[in-house]
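Consider the two complexes below, in which subunit A is the common component and subunit B and subunit C are the respective partners.
Then we have the complex of A and B:
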C-alpha cells in the first residue's frame, strides 16, 4: 500500500515535471509567463494521434510530436513574443492567454470535441510488466520523464547553448555585446522547452489513452503553481517541487484531509504558504 | 465572381429545402428551441444532443411533420454554462419566438433557465439534467430523463439484489450529479443490508485515480459504485484494471458513451451501468433511433442523445394532440402525455411535478458493446416524487 501509493505519486510528479519544465525554462530566459505552453502540451498529444497513422511505436510518435511542438514553440516566440518584447510585461502575458484559448478552440474545430484515444505500441513490451506496486504504464511515463530530465540537465550544464542561456538570463544586453547570439539562444530555448512539452503531451495522452481539446486547462494553472513553488526559472527546483506535489497528492487525496481539500487545491495552498514565507520559491534565489 | 457565389448559395438552399421533405414544403415551420453545450468541457455531449434532436426532427418531418407543418429547430450553444444559457433562453423567447424548448444541457444551466421559461410561459422539456430543482420551477417545466437519487437507488438495487454484494465503496464525483446519485445509492443499499466501507469524493476532470484505487484494493469491497462522465469513468476502470482491483465496478449513465469503451479498452469489459438507454431494445422507435443514428453519423448513439431525442418526441406528440402552436395548449398536452414510445422507453405519464416515470436500464459491457443485463422497474424505486 505505501509503496504503491509512493509509485503513484512519483509518476504524477514525473508528469508534472515534464509539463512544467519548458515553462520554467522560458521564464528563466525571457521572464514571460508562457501560459500557452499548456496549449503546446496539448498540441503534442494531438501530433501524437496524427503520427499514429505513420507508426505505432511510442518512441517514434514521441519524437515526431517533439519536432512539431519544438517548431511551433519557435514560431510563437518569433511571431508573437519577439514583436512584443519592448512592451510592458502584462502584454506578452495577455497574448499568451489569448493564444492558449485560440489553440484549444482550434483543436476542437480540427479534431472534434470528443476525446481521442492514443493506443501506441510500447517497445520491449514494457506495458505488460506488473509488479506488486508499480504498473508497466507508470514505468513508461517515469522512464520517459527521467530520460528527458537528464537530457535537459546535459544541455543546460554541458553545452555552449546552456552557457548562452545563463548569460542571457543574467543580462540581455551584456550577453549580446559579449558576442552571444541572443536571438538564437532564445529561439533554441523555446525549441527545447516546447519539444519537452510535446513529449509530455504524448506520454500523458498515452498513459490515460485520452487526448482532448481541453487537456491543457488544468496543467495551465497547475504548472504555473509548480513553477513558482520551485522558484521561477529554477529547473531543479521545478523537478523537486513536482515530485513533492505528486507524492503529497497521492497520500492526501484518500486521507480525511482529502475530503476537506480537493486535490487540485493542494498545489495552491502550498503556493500561498510559499509566497507568504519564501516569495522567491522553495529553491529560488533571492 | 460574387454572382456565381450567390447562384451556388441558391442552389444549395434549394437542395436543402428539397431534402427537408415534400410534406414540409410551403407550410410555415413550427419553431422549437434547443440548448446544447457545443463548445467547452461538455462539447462531446453537446454534439450528441444536437445530432440526436436533429435526427428526431428529420424523422418527424419526413413522416409529414405536425399536421402538415414542418418542425424547425433553433439550436444555440450554452457551453454548459448557466450565464450563457440565460442569454440563450432570452434569445429563443424574444428573437426566435419558439413555441417550446428542448433542454439539452447540464443541470446548472437548466436550473438557471427553467424559471425564465416558466415566467415566459414557454414549455421546456429537459433531456438528461438530473437536478430536482429544475422541474420545481413550475408547471411549464418537464423532465424526460431520470432524477439523480432515483438512478442511484436503482444502482443500489443492482448491487444488493442482483449482484448480491455484501460490501460496497463509493467513488463519487463532487458535483450535483455525483452527489445525487450517491445519496440514492446509500439509501437503497442500506435498506438491502449492503455495508458501505468507504466513500471518496473526487473533482470533475480528475484523471489520476491511482491513489483512490490503491485504497480500494486495500479495503476489498464486493462492488464499487462509481459516478463520473465517460472520461473520468474510463480512467477509473482502466487504472483499476492495471492496478488489479478485483471488485465489480458499477457505473451510471455518465459511463454511457461509446467513448467510454474506446478509452478504457479491455478494462471496460464486464462493467455494469444503470442508464436510460437499452441497446438491445426491440421496440421500433428505439431501433429506428439506434440504427438511423449509426447510419447517419457513423458513430454509436448514447444516453445523452437518446434522452433528448425523446424530449423532442414529447413536444412533437403534444403539438399533434394540441392541434395548435399556442405554448399554453402545448404545455397542457405535454402534461397529459400517455404511454409515449420513446427511444429510452415508454413514457407512461408526467406527474404533477413534471417528472416522467419509466424503468431504469441496466447494461453490461460485453465484447466492446453495451448489452442488456437487467431492468429495474420496481415502482417503489422508480416512482419520482410529486413535490
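Then we have the complex of A and C:
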C-alpha cells in the first residue's frame, strides 16, 4: 500500500514537473507568468487524439504533439508576448489568462464538451510489466518524464542555446550586444518549453485514458503554484517541488487531512505556508 | 423599470463596488490580485452567518461583514509585502482556491450546499421591495465613488499611486511602501466585503461556487476593460461586461470565448483599456470636451487628470 501510494505520487510528480518545466523556463528568460501554458498542455492531448488516426504508436503521437505544441508556443511568443515586452507585468499576465480561457473554449467547441479516450499503443508491450506496486503505465509515464527532463538538462547545460538562455536571463541588452541572437533564443525557449508541455498532455491523456477541454484548468494554476514553490525560474527547484507535491498529495488524500482539504488545494496551502517563511520559494534565491 | 431591470441594476451595482475595490488595489497601488472573489465571498458568508445564525439585521450585518473582510484583507496585505510581484499574483489565486474549499468543506460555512434563508433587509418592520433594495445598493455605490474621489485627491491616494507606478522610486522618496500596500488591501477588500453582504441579502442563498476563481477573472476583466487605475474605467467595465451576458443572450454558449478573446485582444492592442488614461478613445473624448483646446497630456501621471473629474 505504501509503495503503491509512493509510485502514484512520484508519477504525478513527474507529470507536474513536465508541465511546470516550460513555465519556469519561460519565466526564467522573459519574466512572464505564462498561464496559457496549460492551454498548450491540453492542446498536446488533443493533438495526440487527432494523431491517433495516423499512428497508434505512443512514441509517434507524442512526437507529433510536441511538434504542434512547440510551434503554437512559438507563435504565442511572437504574436502576443513579444509586442508586450515593454509594458507593465500585469499586461502580459492578463493577456495570457485571456488566451487560456479562449483556448479552453475553442477545444470545447471544436471537439465537444465530453471526454475523449486516448488509447495509444505502447511499443514492445512495455505496459505489460506490472509489478505489485508499479503499473506498466506508470513506468511509461515516468520514463517519458525522466527522459524529457534529462533532455532539458542537457540542452540547458551543454549547448550554446542553453548558454544563450542564461545570458539572456541575466541581461537582455548585454546578451544582445555580445552577439547573442536574443530573439531566436527566446523563440527556442518557447519552442522547447511548449513541446514538453505537449508531451505532458499526451502522457496525461494516455495515463488516464481521457482528454477533455478542461483538463488544463487545474494544472494552469497548480503549475504556477509549483513554479513559485520551486523558486520561479529555477529548473531543478521545479522538479523537486513537483515530486514533493505529487507525493504529498498522494499520501494526504488518503489520510484524514484529505477529508478537510481537497486534493487540488493542497498545492496552494503549501504555497502560502512556504511563502510565509521563504518568500522566494523553497529553492529560490535573491 | 420592471423587476427584471431592477435585478440587473442591482447586479451591476454589486459588480461596480467589486471593481472599484480591485481598482484601488491593482489599479492605483499596482498589486495584482487575482483572488478578489475570495473577499467577495468572505463578505457574503460573514453577513449570511451573522444574519442567519445570530439573527442580526442586515443593517448590522453589513458593516460587520465589511470589517471582517477588511481584516482578512489586512492579513493578505501583510503577506503581500513579503512577496515579489509575480509571486503575489499566484498567491492571490491560491487564496481564492483555498477560501472556496474552506467554504465547501467546512460545515460551519454550510458545506457544498451553502447557506440559505438569508433574510432580505427590512426597515421599520417592513421587508424592503426590490426597487427599494436597489436604492440601498445605489447608496452604497455612491458612497464608494465618493470615497474613491476623496482618496484620489488625498495624500494617501498620492502615496498609493506612487507605490503603484514605481515602488523603488517611491521608497527612495520616503514613502513607506509596505504600509501603503496594506492600506490598499484593507480599503479594496472592504469594498468587496460590502459587495458580498449586498449580494448575500439580495440572493438570500449563497454557495461556494458563487465566489470561485472565474469570478475573480470577471472582476479583473471589468477593471481592465474600461481602463485600470481610473474610476470611469471601473464604471464602464463593470457595466459593459455585466450587461454583455444579458444583451447577448443567444451567445450565452460563447460567453467564455468572448471573455477570453476580449481580454487577449484588449491587452494585446490597447492595454490602457477602452477609456483609460492615454487610450486613443479617451484622448479624443477629452479634446472634444475641452473643445480641442488642450493638447494631449499622455504619461503625465494620473493624479492630475483624475482630480479634474
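Assume the second predicted complex is superposed on the first by the 286 of 286 C-alpha atoms of A that agree within 3 Å, B and C clash if a C-alpha of one lies under 4 Å from a C-alpha of the other, contacts with A are read in each partner's own complex, and residues count from 1 in each chain.
One rule holds in what follows: a residue touches a chain if its C-beta (ideal position, glycine included) is under 8 Å from a C-beta of that chain, and two chains touch if they have at least 3 such contacts.
In this text, all values refer to a predicted model and were calculated from it rather than measured experimentally.
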item: Superposed partners subunit B and subunit C on subunit A - clash or fit; value: fit
item: Touching partner for A:261 - first (subunit B), second (subunit C), both, neither; value: second
item: Touched subunit A residues, subunit B compared with subunit C; value: C
item: Subunit B versus subunit C as contact partner of A:1, first or second or both or neither; value: first
item: Subunit B versus subunit C as contact partner of A:54, first or second or both or neither; value: neither
item: Touched partner set for A:89, first subunit B, second subunit C, both or neither; value: second
item: Contacts of A:75 with subunit B and subunit C, given as first, second, both or neither; value: neither
item: Contacts of A:273 with subunit B and subunit C, given as first, second, both or neither; value: neither
item: Partner chain(s) touched by A:146 [first = subunit B, second = subunit C, both, neither]; value: neither
item: Which superposed partner A:100 touches (first subunit B, second subunit C, both, neither); value: second
item: Subunit B versus subunit C as contact partner of A:154, first or second or both or neither; value: neither
item: Distance of closest approach, subunit C and subunit B, by C-alpha atoms in Å; value: 5
item: On subunit A, positions contacted by subunit B and by subunit C; value: 105, 259, 262, 264
item: Residues on subunit A engaged by subunit C in the complex (per definition of touch); value: 27, 31, 33, 79-80, 83-84, 87-95, 97-106, 109, 221, 224-225, 227-228, 232, 259-262, 264-265, 267-269, 271-272, 275-276, 279-281
item: In the complex with subunit B, residue positions of subunit A that touch it; value: 1, 4-5, 8-9, 11-12, 105, 108, 112-115, 117, 119, 130, 135-138, 208-210, 212-214, 217-218, 249-251, 253-254, 258-259, 262-264
item: Interface residues, subunit C side, partner subunit A - complex; value: 26, 30, 32, 34, 79, 82-87, 89-91, 93-95, 97-98, 101, 104-106, 213, 217, 220-221, 224, 228, 254, 256-257, 259-268, 271
item: Residue ranges of subunit B in contact with subunit A within the complex; value: 38-41, 43-44, 46-47, 174, 200-203, 205-208, 210-212, 214-215, 217-218, 230-231, 234-235, 238, 242-244, 259, 262-265
